[in-house]
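Alright, structures below, take your time with them.
In the two complexes below, chain A is the common chain; its partner is chain B in one and chain C in the other.
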Partner chain A sequence: MKTYAIYLAKRLLQFVLVVFIGINLTYVISHATPIDPVEQTISALTSFGNTSPEAIETMRESLRELYGMSGTPVEQYLSFWSRIVVGDFGPSLSAFPTPVSELILRALPWTIGLLVVATVLAWLLGNLLGGLAGYYRKNRLLKAMGLIAMGLHPMPYYVVAFVLLVVFGFMWPVLPISGGSGIGVDRGFSFDFVYSVFLHSLLPALSLVLVGLGGWFLGMRALVSNIVTEDYVVYAELGGVDRRRILGSYVMRNALVPQVTGLAMSLGAIFTGAIITEEVFGYPGIGSLLVDAVHAGDYSLVLGITSVSIVAVSLAVLVIDLLYPLLDPRVQVE
Partner chain B sequence: MTLHQLNNHLNSVPETAPTSPALRVDGLKAYYQTRWFGITREVRAVDDITLRIEHDEIYGIAGESSSGKSSLIKTIAGAIRPPLNVVSGSVNFDFGTRKVDLYSLKPEERTAIRWKHLAYIMQGSMSVLNPLRRVRQSFVDFAFRHMGLPMPAFLRAVEEHLLKLHLQPGVLDSYPHELSGGMRQRVVIALATVCRPGFIIADEPTTALDVVVQKSVLTMIREVQREMRASILFVTHDMAVHANLTDRLGIMYAGRLVEEGRTRDLFRNPRHPYTIHLIRSLPRIGDAEPRKGLEGTPPNLADPPPGCRFHPRCPIAMDVCRVVVPPMQSLGGGHRVACHAVTGGTVQ
Partner chain C sequence: MLKIFRDLLRFNLEFAIGTLIVSIIVGLSVLSFFSPYPPEDIYVVAPDVPPSWEYWLGTTSRGQDVFWQMTAALRNTLLFGIAVAAISRVISLTIGLVSGYMGGMTDRVLMSINDTFIIIPLFPILVLFYFVMRDSMSWALLALIMAALGWAYDARLIRSVAMSLRTREFTSQCIFSGMSPRQIMTREHLPYVLPIVFSTTLNNMNWSIGMEVTLSVLGFTDINTPTIGSMLYWANQHTALVAGVWWWIALPVIAVMMLFIGLYLLATALNEYIDPRSRLSRMGGAA
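Entry: the complex of A and B
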């Protein structure tokens, strides 16, 4: 238990370090862009009508204060960190004066809802079918599925998304093709709203599952067809151990260890949003927010989204590292 | 044998004793058969093997690498998978309570006799236990369905079995990687014998161990055999192990049995030139000069030489050896040999 506590402390320290370095990098990169948000805001605010130079100067001062750009670079850097630890990324430039954190919080549930379901579903289906296909190599149905997976996997995501859009939105218009929910539907917790959200998420989720599934399927099938030649599987088969037990506890269980890591990584990556998905299906998530922010040069929003994503990915890796000794007893906690 | 001796012999056998041997292998041929783009390749790893193993006997098979020992033992254990196929011959077990012809059984019937009657200790015992399962779970997976006991009683029986083999029941709570190599090997032997099978097949169970651990594992195997009066088919290339453990010994060369007899007789009076070289090559303490090895390498089993397969390396090869396959012939006392030089074969 004591060794585990030391391991935990070490891993936590590592986590903090990774997040610190990552956010610093985004800070440096965003401050190195030639876009000056203060001047941009001023020009946007003063483009209609005359404003006196004194007023502009006052405006510039207060905006600099607001964006954390007053004082020396060191002071700027320190004020950036003092604000970021409490989750304050400043006001958004493009949606001035809404705070960045509010924009992110508004988009996050959409992205998380869609992507968690799609990622977990693709992972479960892909691994289950891939595992079966690796174990029952001669099954025709699973062989056919392997061919489909192999065909789908290398297909560019946007092609699949557009094919789905065309098929289910225009040729056979049964599903909504854009937005997160119906326009006229009240955003309360009512059946109509939930049903509308579900319908709207079907196409984007389907596109994500179709493309994600192939990778998991092929990976798992390859892992399993390696593991079935391992001595302990051959021996269990010779020993007449129950086939289902062999498939579950001997083959799948051993193959899943690396796949779980993959799942954690993709769950962490959710917080960047599925940019193409959200753009194609007009989904109001983090991905479209990020694209809009980049277009508008809204660097405090970009910084906010990147920081959230850095924390999420590192957190996912941390959680998986902490759980690993439970998944595989051979992982030594030092 | 005179009539008097024969009578005595028959009278000395108790009436209840099984009359057929524990294992009867007849004319067994098993080839690795592959087809690539219409080209068929056959590797004759097990070629026309006939042997008997009695009840309560440890039978050893010796031979150098690629002599087909492992293929033979896999075929006898029914543990073959393509491309290794049985071409002809039969494998018959007599487990006392039931007799089976292994290759006429349905797969599920074969599964049913495994572990209960026929245990198999596979080559590479280091990795035969699932790394993610505790040893206890492996015992449950392999043996629970055969014992017909409720779970607590089953686990007690397993612990008693381990204690009998001088293993601490605590190993049940370990994962395989937490055990040393020798310990793992002993656990695998305990796992293979927990159902008290009548026949145990062991493929190189001591090969990866150092001599000290080897000795304790061999002692354990012998104790298990004495206690359960099981028959053991034991394969290793290590002649010293054979000298210590086995009652009878068969020498394999290039997929064929070339000599067979009581282990003591084979070591004292080997007849086949190959056996002679095998035994002469064993170093003894006090040797003045290094022992000479045999020139050459075993033949390619995809294209074995005609006649006696040993003739290209044989120092006393005759014309007949290059043409006629020497048959196994008895020299009396259970000693059999397949060599024209010994049994006087001629070119017809």
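Entry: the complex of A and C
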């Protein structure tokens, strides 16, 4: 139990460090650049007509206050952190006066839903098929799948999503290619709504699964084909243990351990992929919100989304890390 | 060196295909120097001409020849990938070698920072960076920031090799003969990790090019420099698919997909060559 406590403390420390460095990174990027977001916003606001100099001065003052740019650098830094801690990023400029946190909270369930389903699906399928491919090396079908995985794995999310969009949007239009649910469907817990959400999520989820699958498949195949040559597997085979049991409990079980670590490590990249995919399919999640915010010049929204993404991803990694000892008992024993 | 290359070409199918694809792409990008039109200029040829004898791959709605535009785009995209890879290699080599050789507290601190950079979702940060830089965002600046963010995964890999090198006898001998840690790392350990550095370079190029394409397509880079991403951006802006100008979108997408597959195949073939276990199994020895 004591070793588990140490493990827990280490993971928590890592979580704090990720949030700390990540948030500092956003602070440095948003404050140390030569471009002043306040002046940018003012020039965007005043480009539609004449505004009196006094009004601009008032505007500058309140924007400085709003963006946390008033006071000395130390004060700015502290106020930046205090906003993050309570999750208050001020009002959104493009959807004034809706608070940024409300916009993010509205978009977050879509992203999390899409991300969880696609990641779990890709991880399970990739590991299962990869494990089979590593164990039954002569199987033609699994070999062919290996080739496909090799071709898909290096593709960036955007390209795969875009190709799917072209195929299912223009060449064979059977699936909805944009939005989170049908336009005429009431947003309630009815069959129509759930079905519509499911249909709309198919293409974004498919593109995430396609890209993710390849990596897990190749990784698992390599791990399994190494483990198969280990003495204890050969011994089990000679002892006449059922082959399915060897594969399931002896080989895959051991190979899964690094794959879980891999999942924690690549969650940030998968999250990036999800928000890119959302933008391609116009899915109403964090990704679309972020891109719209940039186009609308909404400083507080962009900053809010970046900070929330960092905290959310590191939280998810922490959860995976905390579940890890269930799979690898050595963590508790050592 | 040359002999290894020849043998890999002859006996490793993945390496041969990868080399073929990458050399075609490099060849195309070299051709960009002989382009009859300056790549940044628009309306130099008749717009929206389908592929024909005069314009092999058709022309864009902006009056550019798709073939020549693509050669320039591939050149810039490749250069971008090489620039990011080169800068980030310096960081990941330094961190990886120091962390692996020093061990102890140094290792723990460096690896915590390293893991942080692996976990942090980079896309929102890059978007934030574009958002504050706006028009001052340039090709070189993007390469710099991507290199500063994308070194962590490879540093971990280099560290794992450096750690095993530290326990080898020649390292002890170096220490006893009075070499400084810096000398040991640069003169003795660096040559051992170079093959891995080479294969991670190819994967890192894939990553940075993919990111550049994504950011450009969304319009979050300097879209006036022709790259594969900015080419797709302009095609989307002119709704090329709806307008039926499919060659403007299909050809850059195919080119960049080939580039990804080519680089990836080279990287896996090299990895396999470096790993003695897989080399044995290829020779038909073990397993």
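Some observations on this one:
In this section, the second predicted complex is superposed on the first by the 267 of 334 C-alpha atoms of A that agree within 3 Å, B and C clash if a C-alpha of one lies under 4 Å from a C-alpha of the other, contacts with A are read in each partner's own complex, and residues count from 1 in each chain.
The rule is short, and it goes like this: a residue touches a chain if its C-beta (ideal position, glycine included) is under 8 Å from a C-beta of that chain, and two chains touch if they have at least 3 such contacts.
None of these values were measured; they are calculated from a predicted model.
Once the two complexes are overlaid on the shared chain, A:Asp292 sits clear of chain B and of chain C alike. In the superposition on chain A, A:Glu230 makes contact with chain B only, not with chain C.
With both complexes placed on chain A, chain A has more residues touched by C than by the other of chain B and chain C. In the superposition on chain A, no contact is made by A:Asp88 with either chain B or chain C. When both complexes are overlaid on chain A, the residue A:Phe170 reaches chain C alone and has no touch with chain B.
In the overlay built on the shared chain, the residue A:Tyr250 is in contact with chain B alone; chain C does not reach it.
Note for the complex: chain A touches chain B at residues 230-232, 234-236, 238-242, 245, 249-250, 253-254, 257, 328-330.
Interface residues of chain A, counted against chain C in their complex, comprise 13-14, 17-18, 21-22, 25-26, 29-30, 33-35, 37, 40, 150-151, 153-159, 162-163, 166, 170, 225-226, 228-229, 264-265, 267-269, 271-272, 275-276, 279, 290-291, 294, 299, 302-303, 305-306, 309-310, 313-314, 317.
Listing the residues of chain B that touch chain A in their complex gives 77, 79, 111-112, 114-115, 120, 122, 124, 127-133, 137, 141-142, 145, 175, 177.
Listed in rising order, the residues of chain C touching chain A in the complex are 112-113, 115-125, 127-134, 136, 153, 206, 209-211, 213-214, 217-218, 220, 232, 241, 249, 253, 256-257, 260-261, 263-265, 268, 277, 286-287.
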